[in-house]
Every structure is written in C-alpha cells, then in structure tokens.
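Each of the next two complexes has subunit A plus one other chain: subunit B in the first, subunit C in the second.
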Partner chain A sequence: MTAWTLGLRGRLLLAFAVLGLTTTALVAGVSYGQARTVILQKAQDAAVVSLVDQAARVLPLRELPPSQDQLDAIAQNLGEGPDPAVVAYRGRTASSSDLSLDEIPAELRGEVTGGRVVWQRVTMGGGPWLAIGTQLMTERPDGGTEPTGIEVYRMHALGDEQRSIDQLAALAWSTGSASLVLAVLLALLAARGVLRPVRELGRAARRLGEGDLRTRATVRGTDELAGVAQIFNQTAERLERQVGELRRMEADARRFVADVSHELRTPLAAMTAVTDVLDEESARLPGDAGKAARLVSQETQNLAQLVEDLIEISRFDAGTAALSLDDLDVGAAVRATLRSRGWTDQVETELPDGIVARLDPRRLDVIVANMVGNALRHGAAPVTVRLRAPAGWVEVTVADHGSGLPPDVLARAFDRFYKADTARSRSDGAGLGLAIALANARLHGGSLVAGNRSPQGAVFTLRLPSGGGA
Partner chain B sequence: MSRVLLIEDHHTVREGLRIALTRQGHAVDAVDSGERGLAHLSSAPADVVVLDLMLPGMDGFEVCRRIRASQDLPIIMLTARDDDMDVVAGLEAGADDYVVKPVQARVLEARIRAVLRRGNARAAEPAAVEKHADLSIDRAALVVRKGGEPVGLAPTELRLLLELSATPGRVHSRQQLLEAVWDQGYLGDSRLVDACVQRLRAKIEDDTTAPVYVQTVRGFGYRFGPL
Partner chain C sequence: MKRWIVVPLLLVAFLGGCGVRPSGVITGGPAPTGKVDGARIYLISDGEPALVLRQSKPATPDEVLRLLAAGPSDAERSLGLTTEVPSGLAPKVALEDGATVVAVGTDVRSLPVLAVVQIVCTVQATTSSAPVSLVSGGQRRGPLTCPRYPPS
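Moving on to the complex of A and B:
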C-alpha cells in the first residue's frame, strides 16, 4: 500500500500529521532534555557544595583515629537536615538515621577512598536520590590539608526535581498531542479547501462527458486550481462551439437534402403521372424507342421512390415523424402488403389470424415490404414470413435460405445506402429501405434486428409493442 | 366516362395528369387555380374533382369547403406524404379521399373509380326504404331524409351510411369500412373514416357530441345504432 492509493485527502492528512509530530517531538524533546539537565545540575551542585561546606566545618579533629562517639557526632552533625548521612572509618560506621553503608554504590566508595569528592544518582526506596561522598580533611602543620580516611556520605532526595521534570514531560506530551490534533484539523481544512474545487471540477467534467456542453466550472481566486478551472472552461467553450458548428452543418446538410427532395417532387409528379402512358405505348414503339420508353418509365418510378424515401428519412431526422395508430389484424395486414406487391406466390407464410395490435398501418406496410423485398432481392428462395405474438408484442420474422450475412454486413445492414455487394449496381441496392424500416420500427417503440439462422440464411426480426407502445 | 375537374397549379403535373386521365377515358377539364376551378364548376358540371392542396391564391382547403357548401360531388385531394396535417385538414374540409404525389395514373384512376362507385353491391336489400327513428334511407333512390327533409350527403358519406346501416348494431372496424367504402383495405388511412364519420354526423345527428346513428365503439370501430 503506497501513498498513491490513499487519495488526496489521505495523503494530505498523513503529511500534516507527520510534520506536526516531528516538529512537536523535536521542540518538546530538546526543551525537555535541556530543562531536565539544568534542574538536576542545579540540585546536584547545591547538594555537593552544602556537604563540602559542612564537612569543612567538622574540622579540626583533635586526634586520629576517631572514637565511635566522634563518628556518631559527625554523622549526626552532617545528617541534621532532611538528608541522611553515614560515616565510615576503617570498617566502623556511624549513621544519622537508618541509612546503611550498603546503600552507597561500591564504585563511589572506591573514588572517595582515593580522596575525591564524588556524587552519583541512585534509586533508593523507589525514589531518585543523589549520593554524595567525600573524605574529611585535616590541617597539616604546614597549613595544607590531608585526608583523614574518614569517609562521609550523604543522600540527597531528588523527589522535587523529579516531579518538576515529570511535569515538564507531561507538558511536552500534552503539547505534542494538541499540536497533532491541530495538525490534523488543519490538514482536514486544507484538504477541504483543495478538494472542494477538485470535486467541483470532477463533477463539471462528468457533466461535460455526459453531453451537457454548457457546463462550466466555478473559478474561485487565482490559485493553480482556479487556473485549471479556467482552462476547463475554455476547453468546454471551444468544444461547445465546435459541436454547435458541427450540428449546424449537419442540420444544414439535412435541410438541403430535404429541400432538394421537395424540389424534385414536382417534376417527378409530372413524370410519374405519365409512366403508365409510356408503359402502354412502349409495346407499340419500334425497337430501341420502346426499350427507351420502358427504361424512362422504370427509372422514373425508382427515382420517385428514392425521393419519397429521402423525404421520409428527412422527417425521421427532423423528428417530425408521427404515428397514426389503428387496431390491426396484423396477419391480414402483412398479407395485404404481400398481395399489393405481387409477392404472395414468392414467399411461404405462416400468418395466424386474430393477432391484433395497435400499429400504424402505413408504416407496418413499409417495414414488412422492405424486409420481404430485401430477402427476395438478396437472399435465396424460399423466403418465409412468420408472425408470432409473444406477450405484449407482435413479432414478424422474414427468413431466406441464402448464404446469410457476413459479420461486417450484419453490423451495417441498416446503414443508409449501404451496399453489401459492391458489384451490385446502385439502383439494385437497398438504398434507404432498411434504414427507413428500422426508423419506423423504433418510432413504434419496437426493434428490427438482422441475424443469421442455422443451418443457413439471413433472418430479419421485427418486434413491435402490440399496445401501440410509443 | 366521367367528367373530371383537375385543379393543379404546376403546368407539367397538370398536363401529365390530364394526359393520363384522358387516356383512361375521362373527360378532363384542367385549370390552374382554385378560383378558376370554382368558376368552372358553376358553369359546367363535373362528376369528380381532383384538387391539389397547395395552390396559389385560394388554397385547396378553401376550395374544398366552397365546393362542399354547394355540391355533393366527390373530391380527391392531391397531397404530399410529409404533409400529414394537410391530410387531416383536407379531410375535415370535406375531401372524400386523398392520394400522395407523385401518383401513378392507375392509382389515381382506382381512387376515382372508388369514389364514383354508386351504391352497394349487396344482393339482398331488406327493403327499398328503411326507417331508423327520424332517419329514412332509400337504398334504391339513394336518398336520405331526416324528419322528412332530404339530407345532402357527399357520395362517400352516403356510402358510409349505407354500409353501416345495412347491418344495424354490428361493429365495423375502420379497415372493414376502408375496404368497403374506399376500396382500400389495410393499406388505407383510417383518418379517412374518422373524418367522414365526423362530416356524416354533422349532417344526420341531432347532437354530434352524443351521436345515436353512427356510434363509436372505442378500440374497435363504428356501428349504426342501436337506436
């Protein structure tokens, strides 16, 4: 687990806590150590000076070796205050209280025997003490001094000093804890200050991603995050402008197609009106003239269909396509579609009577005609049209027995002007038929799906809500 | 042979339709505006009017209303597929049927034949004159009277009434009516039926909001009575 997985808030908290702890520990620790040294040094110096002074006042001794009474007197003298004393001379001891020579550390006694004034911190009866030791001196006739061999020791209680030091430590701990709490609070505050704009930016970015291109982030202050928010806003603005431009261009293109289609309609209306005349006359026209007349007639009808398809798809694009629903016997409607196009003998049907649904008859006709027409053109016989009624739906499947649809065609079967077979001429292709069929199915709140069936052949499945869903 | 009045402003479309309809054996009078069409009708009778909705000057809807105000001859609108509102408005203005442009001659011919078809080919008519409350229907003379007064019905309205009243109490779906009256089965536009029922009710019902002769059966269609 690294700091990276903690998140911004966790990392900030950690950094502040570490910083707070380190600083507090350093400051409190150093101060504590310094104060402790000073306090103990002072107490120690005072105790040592006091013992040396008092020992000096015991002088002069009249004779050596001292009597036991003299040793007792010295011990009483030195142990008058709160600090107990013990005196030793060549195996004999005297004590001002119940302090015994065993309490004095051996190394201390060694130093004292060598003639030095020494002290050492010891623990006695559970408390801290300072053990101080020295030898009594005697005056030589030449005015100098020499050790008498009488060792005196005094214990000085360090309880007060220890208490002061303990208080210091407690103070250091509480200061440290307080500063840690403060550091965490500051970290939370900082995290909130940093994270709120970050969160807002995140929200804005998400909204932008969801397609709300008018989203802008709030710019607060002049810090780095405000800079990021500004850049975000500029980017969003550019994006909105470009997408708007693209949409305008697309709308223009679509409007152009719609306008052109409408313009084509009038000449086509005139031409279409006379195609029947051409068809009838072509039989009587000699050779090429007859062929030409039939060609013009056929292509006029194709062109008229294409223009109608273009206008129809323009309406879907513009969102102005509307359903005109009616209660239909779907089987009869499908039969009517097949009959009106002369397909009845070319397809096998399974169209049970009595399946009633609320649909737009014209649009159902368009969908079924495109499905069947597509199967007859591109698939292989026999083509079967099957009607079923799963609960709440009507389902029309059109299947052929051809080689089926390769995956790339399956994916694009409903694309406009998509040609599965590039060798096929344009007028033979599906053009807009399946795209319009799909749009019509969706307008009903239904679906139109292309697929393959086993063992072979393509199958188009239309599902429409029977209750007039959309 | 029937006399067709064609009102269409586009020269080539008018000419194309005129040629096609003439070849079908109709006597065609073609004019380029609603005003001329109305003027023509006042001097020379016609059996059927083929009317473009998009006309300069007086539009097709107004022409339709004016013809309906004075005559009961069938009117077929020429409309564009993406003008759904026009279809509704045209039917409300009194048109009997509509065709979508561009239209092939044989399609228009079939529609003309359908609106001109007189009477019903029913073998056994129960009686020449039927009485339904205030309404009397003379199937032989094709005359409808209400309280003794003749009611002026357009041909489609009359055929719809004859179709419905032939089997009182039986529900007819819109598809059945389309097939019987307009010669268009499942591919027809059921708004033709609804619009025609509205016009028929306006002429024979006492209260169009509570019809007794032509009743709506929600979700199914229409029926005549029960009275």
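Moving on to the complex of A and C:
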C-alpha cells in the first residue's frame, strides 16, 4: 500500500529497481551456481582420476597382509605430489606426511569398503579440502573383483577453486550493483519522459482553474497522454467560448441599462423641475388634487434617485468609476453627511476629531448615508455611529437596536434590488443603496460588512484604508 | 510490492553465502583393480573370509590348500587373521565332470561353516570358478561356491 504514496516517479523507480535486481540476481545467481559446480566438479574429477591412476600403479601386490615397509612405500608413492596420502590395512596405517587417519572423515571411511571410489568436501585447517578414499581391489580368476583390505586416502586442497569461486561471486555482486544503478538511471529517464507531459498537463489544468481560459496543453505524439491533452484543449476551448458568450451577454445587458438610464435622465430633469413647481403649489390646491400633486412629486424624486443609482452602478460595472481623493477629517465628514440629511438628532455619534484619511469625500458621503439611512429605516433606535482608527485604517460602525438581520438576509444584503421585506413600501428605495455603498468601499480598497451584534441589532462596519487605497 | 523485493534479496543472500562448502560422501566409479602375484588363500577376519597372498612359485591346488591348512603366520595372527580349517585336513583336489572335488581327511559334516567357506574360496581362487564339493569317506558337502564380493 505504501507504494501509492510514492508518486509516479517513485513507483517507476521501484519497479525498475525490482525488475533489474530480480533479473540480475537470477542470471548472476544461476550462472554463478553453474560455474561453481563446473569448477568444483572439474577439480574433483581430476583429483579422483589422479588418485585412481596412481593407486592402480601400486598393483600387483606380492604379499598380503603387506609389511609396514610396503604400506609406507605405497603411502610415499601416493603422496608424491602436494597432496598428503594415508594408507590403512586392518588397523595399521602409513602416511606420506603428518596426515593421520583420524583426519579423514569417519563417514568417508565407512563408505570406502563399498568397492568404489568415494570423496567428500571437508573443512580442514580453515580451508576447503577434498578427501578421496578407495580400497585396492584385485581381480579373481573368475573375472570378479575382491577387496585386498588396503584402503588409500588422499587430501586435495581446494584453495585455488575457492579463490576462483570467490572471484566469480565478486563479479556477480559487482554486475548486480552495476545493473541496479543502470536500472535506476533508466527508470529516471523513463520517469522523466512520462512525467514531463503529465506535469505540463497538471500545470495547464491549474492555470485553467485559476481562470486563464486561454491555457492550452502541448500535444506531443499520439500516445494516451497526447489524447488526454487533446481532450483537455477541447474542453478549455469550449469553456472559453461559453464564458466569452456569457460575458458578452452580460456586458450587453449592462450597457443597455446604462443607456436607458442616460436616456431617462433628461426627461426626468424636466419632470423634476415641473414637480418642484407642483410641490410648491400643492398647498394651495384643493383636496385630492393637492394630494395627487405631492404624490407625483415624490415618485418623480424617487425615479430620479433610481436613475442616478443605476447610472452610478453602470459606471462601476463599466470600470469607469474613479476616485478623486482628498485629505479629510473623517469625523467632520461624517457629521456633515448626517447634518445634510437632517439626521443629527436621531443618531448617537461617537466621532472623535483629528482622524484624517485620504478618501473620496463624495463616495464616503454616499456610503455613510446609505448605512445610516438603512439603520434608521429598518432598525430601531437608538442608532449609533462610531468612528475608530486602527493602524492604517478608518473604521465607521453603524449599529441599531432592532431585531437584527436573519441569516438569509445577511447573505444577500448587498445584492442589487434585494429587499429584505417584500411588503416594504416602494418609497423606501429600489434596493441599490447597499450595492453602491459596497462598490464604493471596494473602490477605496476597503470593505463593508454586515453582521449582528449581541444582545440585539444589526451592525454595518465600513473599513477604508487611511492612506488612499488602491 | 514488498513481496517482490524479498525474492531477489533472498536469492542474492542464498547465493552470496555459498563458497566451497563441505559436502556429503559422493560415490564415484569403481575402485582401482589389479592383478596379484602369489598364492591366494583365505583366512578369517572379523568372521569374514579375508584374502591373503603368500609369496610362492605358481603352486598346485594341493599345495595351496596345504598352505591354508598350515594356518596364519605370526605376522598375520598379529593383525587379527585366524583360521577355522583344522591343520590335519590333508586335502586332495580332483576334477570330476566340470566340478571340483576336494577330498579331505576330516569329517566334512563336522567342519565349521567358515572353514568350508575358506576351503571353497581358496580352491576357486586357485583353479576355476567351478563349484566345489567336499568329500571324506562316503560323505559329501556341496557343490558350493565362494560368496561374491561385493555382494550383488
């Protein structure tokens, strides 16, 4: 299971290493074993044949049981070379050197009487030796053979063979290590070849996810990865086309709203002028006529405000809204806003002097007026306006003591044309106020957040950078 | 995956541990065989007939049997070679219808088995592989054959 956490490269490396190691171990192991067998067999066969030849030359015997001199002679004869020999006859022994019969393995001595040549590899003095033993046989007149009772043994050193085999083992080890290194190198190469397109594809997908719809993956060759890249490209293309279409449609719709608003502006200006006159005259108009004149005047004002709001929103949408910054005393500016709207008496303020920030005074006025107007309209008294200046920021908080904002309203408070209370009278505004306030705050590089406070009441917090923002 | 690593590691460890290692007894071809000179008689060693060569001119079967009846020399006795053949055997070898008949002076019925084996083997080694019968007076033992070595 751990293999799946290794990543593609790790898994490829592991697979190659295991493959290389297995193959090398098998090949090297088998050839090592074969070579060892051949080397040992050759050496053993040569030693055995040599002993049999020399032993055969001891015959024919003239006397049995042999005298000690004869046994010694046989031992010397067989031990002429570098290999020591020992001869035994019914408890009597003769040796060509200091080799004694006790050093011949008892197991081998037990098998010698079987009438065949026997041998056994043993460890003697720390090195490997071959102990060969046989009994001298004689021919019977009837063609059979029978033992003379003379046993001959010879030890043959296998040191040279041991060295050859050790060299073979060393060779096998070095071959194995080299092939492991080779396998790892090959695996790295293969991993690079496979992983590069995968990495590129991953990078392209990430860019696409980040919104760069023009991202395309490079299609190389005709393999499976190229197919994936092709599908990726087709998907990205379709996505780009559809998003472009949507954007165009949205832009069209916004332009339409902007155009309509502009077209309405001029006739509305004329109407406003007329209704102003009507307003002045309404007091003198009798009964219903006066009421109607005031209604027309009020609705015309609302319509004019709506058109102004729409034009403002269109500017934000078109990206043409620009800040005209000025150093201003924020406390004084907020007070001016309250005064100009006639709210000074309805609001509790906490506006310390001397908090200076670089802001757009008109936009600050729009935001604060919206916040306070909302609180007065929807919340309950007392409404408090508080100004604070955390490092680098100015913070205006407007709180009321009403029932607060339900969660679904809280989530959509800044949406355009959103009205929390559907039964609300039309004269309360079109529902663009907070959307415009938020857009203004963002234009400054600040934020406008709606929330609830304990124990009750809604709170709107405006934070603007004091240094002028973006 | 782990299983796959174990296989080559085991293999390498197994093969790497091998040099020239002690083996069991390996049996090869037949032991060297040659002719012998001299008279072949069979004495007893550890309850089995054992070949003994006596240096002598080519001898007749009668002479060889007399050598056997004379028993082991001091040197042979010191090596544990004994005989069961009584010294008063007075053997006489004759050929009858392709079989060898040995007339002896003692009662063939009372001869120990090993003595019979010694006589039969010695006669067969000296004359031919024909079966050997022992007779004394009207009594007869055989025809017999020397047990083969190696036993087949």
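Just so we're on the same page, the second predicted complex is superposed on the first by the 395 of 470 C-alpha atoms of A that agree within 3 Å, B and C clash if a C-alpha of one lies under 4 Å from a C-alpha of the other, contacts with A are read in each partner's own complex, and residues count from 1 in each chain.
Note that in this section contacts are C-beta pairs under 8 Å (C-beta built on N, C-alpha and C of every residue); 3 or more make two chains touch, one makes a residue touch a chain.
Just so it is clear, the structure is predicted and the values come from calculations on it, not from any experiment.
Asks: Does subunit B (first) or subunit C (second) touch A:Val243, or do both, or does neither?
Replies: neither
Asks: Give one of first, second, both or neither to describe whether A:Leu108 is in contact with subunit B, with subunit C, with both, or with none.
Replies: second
Asks: One more residue to check, A:Leu189. First (subunit B), second (subunit C), both or neither?
Replies: neither
Asks: More residues of subunit A are touched by which chain, subunit B or subunit C?
Replies: C
Asks: In the overlay, answer first, second, both or neither for which of subunit B and subunit C A:Pro361 touches.
Replies: Touch partner of A:Pro361: subunit B, not subunit C.
Asks: Taking the superposition on A as described, I'd like to know which of subunit B and subunit C A:Ala322 touches: first, second, both or neither.
Replies: A:Ala322 sits against subunit B, while subunit C stays out of touch.
Asks: Now for A:Ala289: first (subunit B), second (subunit C), both, or neither, which partner does it touch?
Replies: neither
Asks: Return first, second, both or neither, reflecting whether A:Arg92 touches subunit B, subunit C, both chains, or no partner chain.
Replies: In the superposition, A:Arg92 touches subunit C alone.
Asks: Now for A:Leu14: first (subunit B), second (subunit C), both, or neither, which partner does it touch?
Replies: In the superposed model, A:Leu14 contacts subunit C only, not subunit B.
Asks: Report, in rising order, the residues of subunit A that make contact with subunit B in one complex and with subunit C in the other.
Replies: The answer is that subunit A has no such residue.
Asks: Quick one: which bits of subunit A touch subunit C in the complex? Just the residue numbers, please.
Replies: Spelled out, the residues of subunit A in touch with subunit C are 2-3, 14, 18, 21-22, 24-26, 28-29, 32-33, 36, 40, 44, 48, 52-53, 55-56, 58-65, 67, 89-92, 105, 107-108, 111, 114-123, 128, 134-149, 158, 161-162, 165-166, 169, 172-173, 176.
Asks: Note which residues of subunit B are touching subunit A in the complex, please.
Replies: 10, 12-13, 15-17, 19-20, 23, 80-82, 84, 101-106, 108, 173-175, 185-191, 219-220
Asks: Please output the residues of subunit A touching subunit B within their complex, sorted ascending.
Replies: 262, 265-277, 280, 301, 304, 308, 311-312, 314-315, 320, 322, 324, 326-329, 332-333, 336-337, 340, 361-362, 365
Asks: Where on subunit C is subunit A touching in the complex?
Replies: So the residues of subunit C touching subunit A come out as 1, 4-5, 7-9, 11-12, 14-16, 18-38, 45, 50-55, 75-76, 79-81, 124-129, 148-150.
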